[in-house]
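Next come two complexes, and both contain chain A; in the first it sits with chain B, in the second with chain C.
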Partner chain A sequence: MNGLTITALVKWVDHRLPIFSLLNEELNEYPTPRNLSYWWNFGSLAGIVLVIMIVTGIVLAMQYTPHVDYAFDSVERIMRDVNYGWLLRYIHMNGGSFFFALVYIHIFRGLYYGSYKEPRELLWILGVVLFLLMMATAFVGYVLPWGQMSYWAAKVITNMFSAVPLIGDYIVTWLWGGFTVGNPTLNRFYSFHYLLPFVIIGVVILHLWALHRFGSNNPLGIEAKGPQDKIPFHPYYTVKDAFGLGVFLVLFAAILFFAPNALGEPINYVEANPLVTPAHIVPEWYFLPYYAILRSVTFDIWFLSAKLIGVVLMFGSSLILFLMPWLDRSPVRSARFRPAYKMAFWVLVFDCVVLGWVGANPPEPPYLYIGQVATVWYFFHFLVLVPLLSLPALDRPKPLPVSIGEPVLKGGGAASAGAPAKPMEKAP
Partner chain B sequence: MKKLSIGAAVLLFSLPAGAALAAEGKELPERDWSFSGIFGQFDRGAMQRGLQVYREVCSGCHGLRFIAFRNLGALGYGEDEIKAIAAEYSIEDGPNEEGEMFERPGRPPDRFPSPFPNDKAAAANNNGAVPPDLSLIVKARTGGADYVHGLLTGYAEPPEGLEILEGQNYNLYFPGNVTAMAPPLFEDAVEYGDGTPATVERMAMDVATFLAWTAEPEMEERKSMGIGVMLFLLVFTGVLYAVKRKVWADLH
Partner chain C sequence: MADSANPDLSGDGSGDGSGDGETRRDFLYLAAGAMGAVGTAFVTWPLIDSMNPAADVLALSSTEVDLSPIEEGMAITVIWRGNPVFVRHRTAAEIEVARAVPLDDLPDPQADADRVQKPEWLVMVGVCTHLGCIPIGQRPGERKGEFGGWFCPCHGSHYDTSGRIRKGPAPRNLDVPPYEFLDDTTIRIG
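For the complex of A and B:
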């Protein structure tokens, strides 16, 4: 009886607002390539961490005071006097680092398997938008505890806008809300730190919408040829994602409970002091490659100042990802079948690690020169290497498998070879 | 694949820590702390002796503004002992009915009073250098407790040719090697109530242990919770892996 009324209610609602049908189609039946590897776990993991960050952030905001005189003390109050405040804050603080690690892996997975290629260009672009929003959120959030590195990071990053010709200084004053980084700056950063995550949620919805239009790419990078190539999302990928989440949480908990400050800078436990500049101003690890690019330009070119070029290159290094679907013209998606591109990909990964290492060190020889070479290589990869390796003459693709099912199903090749080559698509 | 991704994450995370260590000069001697490791707990005796060193030596110049007397329960003191310690301090309170500030004996909810009313006064009394508040010092310095111990025991004769100005001191581990802080510890600077010989090494270890606690008073609770969480997650993840294998069995 009880079960019957609930079913009736669900039917009544669904007839007027088909939300249950939508959830069923997009989370339960949603046909997914059967060959997704664990590299496809990182999108859903990033989504879960986003929720963790928002929930802990909302609770922390209930105890935090955005004022230059009280911010640092209010964070210490959370750490010492609020029930489990230390747990909430350490989750939020380390959650930021893990969020970036997940998203970087997610992005590199997309680069390796050509997930940005037709028809998924918008999906990729929305992803880059998410990445930019996330970096902005992380930066303004890092300023809130009002430690030494918070303050000087705010100062260095906002000062970059002074490189804009003619109106640069006005822009910086406008950003600060005053003539230095002060209380109005902290207040607006807090406001943005609370606002941007909800903008991110909005773009995540668009990102998922675009994803579900054609479904996930897969390690082979070929389209599904028929029902035998796809499996329902639930239970196959719900359980695979759940296991991946477990592995992630083990790593997260290990840092969170046993080395919660290992990823941060000790100096940020000293309250902000505008009169004392720290010996080394360095960002968190996830911004180190950008910092290396910014500082690698030490010379003016014509009327362009070194600072301006550095800032343009730094922003350009992320913005260049927007162009990836058009820089890479190869019809083959997966690097598995593109030997030269595959090698270039791993060199790029290495290059980014080198940039990170350079960013953590002072901008002097030999780090400076290594950083300059790595910066040049970064842009060379995207602007020259990727377009060139699109040419079959330079990177001859290996033969592609006939279908997803063929290499997965043992002996299933004969059955799928006879199947009509009709992509199975499902309009949302 | 999984191993690869974990490897990549570990590689990314290990970068900045290594770089930060490399940036410092002379290698800090590493001490064996009661609170290091995932099962580490603060040595209560060392904490109580460290509190004594702080009160009798450090507190002349350094504040401890995030620590309230009530927090000393974590060192193993009872309510009456805490009241007695608090009462030894004079705390400014007010304004009273007449609008005047007044001094009264400390109570458990009060925090340790700082030795100087502001940074200017602190600098004026200390050769222009502001002695930092010690509440967070172990978290705020690369090397943590090892750094505090190294600094306190690292005073030495300056190398040949290095001119040390009046009121400055040579120290092996202070960044830049020249500090305005005179060597604070000497043999028997305090008389320990429990009869422990007050060597410089012992006092440095004790006060560093005490300051590790003031920086991370949640550490013991954090680690014990962490062990429970890790055990649960390892078992739970193992179960999830078994379920995954079973669900996928018909596909392979």
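For the complex of A and C:
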């Protein structure tokens, strides 16, 4: 009887607002390639961490005071006096790190399997927009505890805009709301830190909308031929995502409870002092590669100052991802079938790790020179190597399987071995 | 905006907004759209300008400094508009070194005489012109860099005894703020 009433109510609502139909189609029946590996877990994991960040953030905001005289103390009060404040803050603080780790894997997954290629260019572009929004959110959030590294990170990063010709100094004063990083800066950063996550949610919805238009890419990079190549999202991938979430939460909890400060800089537990710069300013680990690129430019080129070039390259290193669908013209998506691209991909991963390592060290030889080589390689990869390896003459693709389902349904992958190479299918 | 009602502006490629015989309507759409854009820009300005320094922030823009306790060779740091200002009572040797440098050796050429009002008093904003760190070298025993002035620990800029950039990524000499001598031992910065 009770069940009947609920069913009737659901029907009544769904007739007027088909939200239950939508959820059923997009989360339950949603046809998904049957061959997704665990590399396809990271998008949903990032979404879950976004929710964790917003929930802990809302609660932390109830205890935090955005004023230069009180901000640091209010965070220490959260750590010592507020019930479970230490837990909430450690979740939020380490959640940021884990969020970046997940998103970096997610991005590299896309680069490896060619997930940015037609017809998923906009899906990819929205992803890069999400990444940029996330970096902005992380940066303004890092300033809020008003420790030494908070303050000097804010000062150094905002000062980058002074490299803009002619109006640079006005931009910086405008960003600060004063003549240096101060209370107006802290207030507006707090405002942005509360705003941007909701902007991110909006873009996530667009990202998912674009994803569900053509469905997920898959490790083979070929389109599904028919229903035999797909399985419903629930229960197959809800279970797989749930298992991945469990593994993730184990790692997250391990850091959270046993090494909550391992990923941070100890000096950020010293209150901000506008008159003393710490001896070594380093960003959080997830920004180290960009910091290395910024600092690797030590010479002017023509009328362009080293500072300007460094800033442009630093921002360019992320913005270049927007162009990926057009830099890579190869019709084959998955790096599994592109031997040279696959190698270049792993070199790029290594290059990013090297940049991160250089970013953590002072800008002196030998780190400086290693950083310069790694910076050149980074841009060489995207601007030269990727377009060149799109040419079949330079990177001959291996034969593609006939379909996703075929090796499974006909028993054994041998069936696909002799299949001729053919270009990626166009979407209907 | 109202563009969607106009087939010529709907972006379907059927027309470029003129020459289809609907010029009067097109003109009205364009004029209304332009007015809307200008109006929006005007309304946006207060929002943008509200983020510029407020009146109370601007009101803190001058600081008086008593120089009498600063002996030769000593330096103090005062705060002006939230930034440190280095005030150094230079020794004769430091002045001599600063004056002896050929301008051709300087990335940002400026004579020492142009940076001081009285040679023994060097007054500068103590903010590195690279990315805004505070150079060290104010206190005895701190690293002063290769040119005996100041050294920025963030990215390795070296400043000389006149606060001029000599080596490293900073593009400009340390800024000299506007200041005036109220009497022999008092200056007002700002």
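Criterion: the second predicted complex is superposed on the first by the 410 of 428 C-alpha atoms of A that agree within 3 Å, B and C clash if a C-alpha of one lies under 4 Å from a C-alpha of the other, contacts with A are read in each partner's own complex, and residues count from 1 in each chain.
The criterion applied here is as follows: a contact is a pair of C-beta atoms (placed from the backbone, for glycine too) under 8 Å apart; a residue touches a chain by one contact, two chains touch by 3 or more.
From a predicted model like this one, the values you see are computed outputs, not experimental measurements.
A.B. asks: Report for A:279: first if it touches chain B alone, second if chain C alone, otherwise both or neither.
C.D. replies: both
A.B. asks: After superposition on the shared chain, which partner residues are touched by A:269: those of chain B (first), chain C (second), both, or neither?
C.D. replies: After superposing on A, A:269 lies in contact with chain B but is clear of chain C.
A.B. asks: After superposing on the shared chain, does chain C or chain B touch more chain A residues?
C.D. replies: Of chain B and chain C, the partner in contact with more residues of chain A is B.
A.B. asks: Have a look at where A:159 lands relative to chain B and chain C in the superposition and call it first, second, both or neither.
C.D. replies: second
A.B. asks: Pick one for A:399: touches chain B only (first), chain C only (second), both, or neither.
C.D. replies: neither
A.B. asks: Would you sort A:365 into first (chain B), second (chain C), both or neither based on which partner it touches?
C.D. replies: neither
A.B. asks: What part of chain A is shared between its chain B contacts and its chain C contacts?
C.D. replies: 279-280, 362
A.B. asks: Which of the residues in chain B come into contact with chain A in the complex?
C.D. replies: Interface residues on the chain B side: 1-2, 5-6, 8-9, 11-13, 15-17, 19-20, 22-23, 38, 66, 71, 132, 135-136, 139-142, 144, 175, 215, 217-218, 222-223, 225-227, 229-230, 233-234, 236-237, 240-241, 243-244, 247-248, 251.
A.B. asks: State the interface residues of chain C toward chain A in the complex, per the touch definition above.
C.D. replies: 48, 51-54, 57, 61, 77, 79, 81-84, 127, 130-134, 136, 152-156, 169, 171
A.B. asks: Would you pull the chain A residues touching chain C in the complex into a rising list?
C.D. replies: By the definition above, chain A touches chain C via 152, 155-156, 158-160, 173-180, 182, 184, 188, 274-281, 295, 298, 305-307, 362-364.
A.B. asks: Looking at the complex, which residues from chain A come into contact with chain B?
C.D. replies: 34, 37-39, 73, 76, 79-80, 86-87, 90, 97, 101, 104-105, 231, 235-236, 239-240, 242-243, 246-247, 249-251, 253-258, 260-263, 265-267, 269-270, 279-280, 282, 284-285, 288, 353, 356-357, 360-362, 408
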